[in-house]
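In the two complexes that follow, chain A is the common piece, with chain B as its partner first and chain C second.
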Partner chain A sequence: MRFVYVTLKYLAVCLWSVFVIAPFLWALSTSFKDFNSVTGGATYIPWLQFEPSLEGWRVLLRSPAQGGVNIVEPYFNSIFVTCSASLISIALGTLAAYALSRFTFKAGFIKNSDITFFFISQRIMPPIVLSIPFFIMLGKLGLLDSLFGLILVYIVLLMPIAVWIMVDFFNKVPKEIDETALIDGCNPYQAFYKVVLPNSIPGLIVAGLFCMIFGWTDFFFAFILTFTEVQLLPVAIVALNSSITPWWSLSAAALVCVAPLIVVAFIVERYLSKGNLSGALK
Partner chain B sequence: MNFKHKYLFLLPGLLVLLGILIFPIGFTVRLSLSSWDSFFPGLDFIGLENYIRLFTDDLRFWEAFLRLSFLSITTVFLQYVIGFALALMVWQEIRFQRFFRVLFLIPMMTTPVIMTVIWRTFFHESLGPVNDFFSLFGMTPLWLSDEHLALVTVIIVEVWQWTPFMFLLMLAGLLSLPKEPFLAASIDGAGPIRKFVYVTFPLMAPISIGAIIIRLIEASKIMDTVYVLTSGGPGTSTETSSFYIFIKGLREFQFGYSAALSFTYLIIMIISLTVIAKILVKLMIRSN
Partner chain C sequence: MSLKVSNLSMKFKDEFHLNDVSFEMSKGKIYTIIGRTLSGKTTLLKTIAGLTNPDSGEMSLDGVDFGAVPVWKRQVAMVYQQFINYPHLSVFENVAFPLKQRKMPRPEIDTRVRQALEQVGLQGFETRKIQALSGGQQQRVALARSLVKEANILLLDEPLVNLDYKLREQLREEFKNIFSAKASENAILIYSTTDPVEAMQLGGEIIVMDEGRILQQASAQEIYENPKTTKVAQITNDPAMNLFEGEVVDSTLVLTSSIHLDLPPHLAALPRGKYTFGIRASGITLDSDGFEFQIELAEISGSETFLHLQHAQMHVVGLLDSVQNFDIGQTVTAGIDSKSLYAFDKSENLVASPYGGTK
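Up next is the complex of A and B:
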């Protein structure tokens, strides 16, 4: 009985692993193909089934003028936008979360929990609802197709995540810590900055990771609010898809784009195993 | 602890968020009362005409909405069952525990649209590996161009992408459970199945509900996958609400009408998610 149970467990886990890995392996194999090996039907193993070529990867480094695919600039744009928006969201979100966790706010029927809910509920907002007004608004401000405009929009996307994670986190940091600091003569800002913040680094890291994930993986706003001047990575790669679809460079570009965040999976797992994540994610 | 300073902590974030949001929402409402389109741009006032058209003469919107409900509920249900099962399997002893945990998290770290581009080649009807496999049995299912199957393909991709999120929340929950109830159950001689039914599942109920609601919220926005995988097709058979509004607003430039669609969609979303959340919480209280 136990043997059957264990066998079934390993079988299930392995099956799911295959499902998870399959698209990556397929992309990896495709990225070494050329026109003939792609159009000849599905093949998987280089040398044995098809003659590998480095064309897909070379194209990424070539300039567009030479028939290359420009992903270097979108790459830096993506990094810049994701990091700036994450940093701003975390800075503002952490301050707000601290206030919501420590002080009482009351204005009529609005209480702390309502303000927190207001922050978090922004995740309910479907991007499409915001896209048309943003499109017109940024157009009027001359920020359409600019990095600054995108960062502004991404703050709306990311701040709810920062607030959500940090409010939970601060609720778990004992209040006595800041009270002691205040008695020792710190003003509230010093108490926050010198005492509470250093104790919240795990929470900040988790919030940061989640902001990075959701910022890096967003496609929709980047797609609608930029055209030619500024391109983010997902948009650049999807644009490849709509042309004649050279699968080899498409696969290579896709792998290059998803690679950095796979590292994040390792960090998240670390936190998970240490039990730090359960505090931050409720 | 109460300070005048407390507003200095709260307000920067709140004001930035409000500042970026108030205009778009107000503007959407105003826009929905106008007939702004590519021929006659401008904010005129036509009353509720757009809404009347939407409620009486736009079957496509309601079909898209039904399809979205079906898609979100199916995918979230599958994600929950699979994610919870996987979390249970790597929660306790298993060989290569860290390897499996990391591996199961990876899909949620990847950019949905980019993986969808890969999935498109994966499900390609003549050149992809899926049909390479099915052709062994003499079948060539039309994964992307059959009305019903295209929907299944969207579900498969969504499940691949977001089960890790469910897995993450459930595993984090499992790891934070107290040990005592499990010891007590072992002493009472409960087997693994009874332990799950009477101990693990009830303890995980609050986390499950949170996770399901979060995923439902995210699933209700499904659009990227559809855009890349099938572009809503064949015909309109995989079109979701967001995608339909996108077509009306940013492809046909019927800004006024699409604003009415967006606003209605937002209200329906808020109401139905609140109702679902209330029902789930009530179910949980009753089961305990």
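Up next is the complex of A and C:
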């Protein structure tokens, strides 16, 4: 019985691995193909039987004048905007979440849960609703087509995610930990950064990951709030498309695009393990 | 050094958490606050610590207003019933935390932390992570952290309640020695519990609380011998003191139509009339010359058996000094030791006690 269970378990894991890894292998294989290999197909072994070509990767580095789409600058723009917006969102969102978790706010019928919902509701709205107000506001501030303008917009979009995740996380951190820190001589700010924050690292990592994913993959606002001066990666990749879909360079671009997220996920994976709070309260 | 608390009150949604609480505590003593769950024990401790603010009332330490001092500047330490530690720090760092906050020199921190860990029996555990410790060890770390501060007031909020029976018994004995040593350092120790055995074992002075109000404050012996009211008698006894109606008629005590007892000397002076009588489980035991009772339940606890007995309208708990099985509904004969009876008046105040205490 146990043998059957273990076999089924490993089979399920293998199937899931194929499901997860196959698209990457497919993209990797396609990125080294040329027009003929993609459209012609393989005679015997799909994915492996083709004449390797670096054309798909070269296009990403060539300037538009040379018939390519230089993604280096958009790439670093995306990294800068995503990291800045994520960090600021996490910093502000964590403070807001701590306040919502630990203090009681009441203004008429509005309570803590309503304020938390207000934050989350910003994400429920379709982005198109926000696009015109953002456009007008950034226009008036002279921040259209600028990295700073994009960072501001992304903070608005990412902070609700940080607040949502961190409120839930702080609610699980026993209040008695803060109280013990106060009794042990910390003022409320010290209790927050010396005790509560170090014990909230898994929550901060999750919130940070979500912020980075949402920021990194946004196309809509990156598209409508920039013109010629500033370009982010998703917009640059779309510019690759032409009358004939260049699957090879699109695949290379997709791999380049997803690489930072995979690297970040591998780095923070160990912090995501459960049990970091055990021992605080038993 | 003395802690004086005057008329502390705190209300939440029309419910008193503290109701006109006043007392004075002096250094070098262990004070045990006993009360049922939600009787206001934790609220009182948190108020002394400065974690909650009372609606009214005053607190002073050596005559200096204590209520206005922020938590982090009060010289108090507290151990919770949950094992509260800092999970991101090692055992050593946990205990050193309050000293580092005071910016104490490193060598002194080292010495004091090692002393505190030795006191609670955790030497050799310095580098361990909190998660790697058992519940009892985690609570020892919390206690070491509270001891290392050398605070003026040490608050212990049911520190043993979440431990299993054996460990509780073991730590109770160990902690008692630690507390006695601590108290001798001129600190005020306040220990809260729901367990009468624990309260009596710790000795010192007992404060009995119910619904945010102090019912009685006296030495453990005085509380045991002369519980001021029926509520105190129930809260400070495990199992709770048996209470039943009865009447003093001439020289007889009439408890039910068929249970008549000779009036014992300590009740002889009572004016004739109706009273509420109380007796501990140990005062009711199997006796072939006693009265017929039906067994409602028989609970074996260690080497003793608690018998839940019924006779007409009377429901009592008796004690057997041995382990024995009984069938529910079985008829047994049990005696009531009239010399152990307490008498309470209509207002439920003590009027006569086997130990001589009266209203």
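To be clear about the criterion, the second predicted complex is superposed on the first by the 207 of 282 C-alpha atoms of A that agree within 3 Å, B and C clash if a C-alpha of one lies under 4 Å from a C-alpha of the other, contacts with A are read in each partner's own complex, and residues count from 1 in each chain.
Note that in this section contacts are C-beta pairs under 8 Å (C-beta built on N, C-alpha and C of every residue); 3 or more make two chains touch, one makes a residue touch a chain.
Quantities reported herein were computed from a predicted structural model and do not represent experimental measurements.
Participant: Output check: A:Val195 vs chain B and chain C. Expected answer is one of first, second, both, neither. What do you get?
Facilitator: So A:Val195 only meets chain C here.
Participant: Of the partners chain B and chain C, which touch A:Ser17 in the superposed model: first, second, both, neither?
Facilitator: Only chain B is touched by A:Ser17; chain C is not.
Participant: Once the structures are superposed on A, label A:Glu179 by its partner contacts, choosing first (chain B), second (chain C), both or neither.
Facilitator: both
Participant: Does chain B (first) or chain C (second) touch A:Gly93, or do both, or does neither?
Facilitator: In the superposition, A:Gly93 touches chain B alone.
Participant: According to the contact criterion defined above, which of chain B and chain C contacts more residues of chain A?
Facilitator: The larger set of chain A residues in touch belongs to B.
Participant: Mind sorting out which residues of chain A both chain B and chain C touch, each in its own complex?
Facilitator: 179, 182, 187, 275, 277-279, 281-282
Participant: Which of the residues in chain A end up touching chain C in this complex?
Facilitator: Residues of chain A touching chain C: 174, 176-177, 179-187, 190, 195, 198-199, 201, 275-282.
Participant: Within their complex, state which residues of chain B touch chain A.
Facilitator: 1-3, 5-7, 9-10, 12-14, 16-17, 20-21, 23-25, 27-28, 31, 82, 85-86, 89-90, 94-95, 98, 100-115, 117-122, 126-129, 131-132, 160, 168-169, 171-173, 175-176, 192, 207, 210, 214, 217-218, 220-221, 223-224, 228, 241-242, 245-246, 249-250, 255, 258-259, 262-263, 265-266, 269-270, 273
Participant: Given the complex with chain B, which residues does chain A contribute to the contact?
Facilitator: Spelled out, the residues of chain A in touch with chain B are 5, 9-10, 12-13, 16-17, 19-23, 26-27, 30, 38-39, 41-42, 44, 92-93, 95-96, 98-100, 102-105, 115, 119, 122-137, 152-153, 155-156, 159, 163, 175, 178-179, 182, 187-189, 192, 213, 216-217, 219-220, 224, 233-234, 237-238, 240-241, 247, 250-251, 254, 257-258, 261-262, 264-266, 268-269, 272-273, 275, 277-279, 281-282.
Participant: Hey, which residues of chain C end up touching chain A in the complex?
Facilitator: For this pair, the touching residues of chain C are 46, 49-51, 70-72, 74, 76-78, 80, 82-88, 97-98, 101-102, 129-131, 133, 135, 138, 145, 149, 162.
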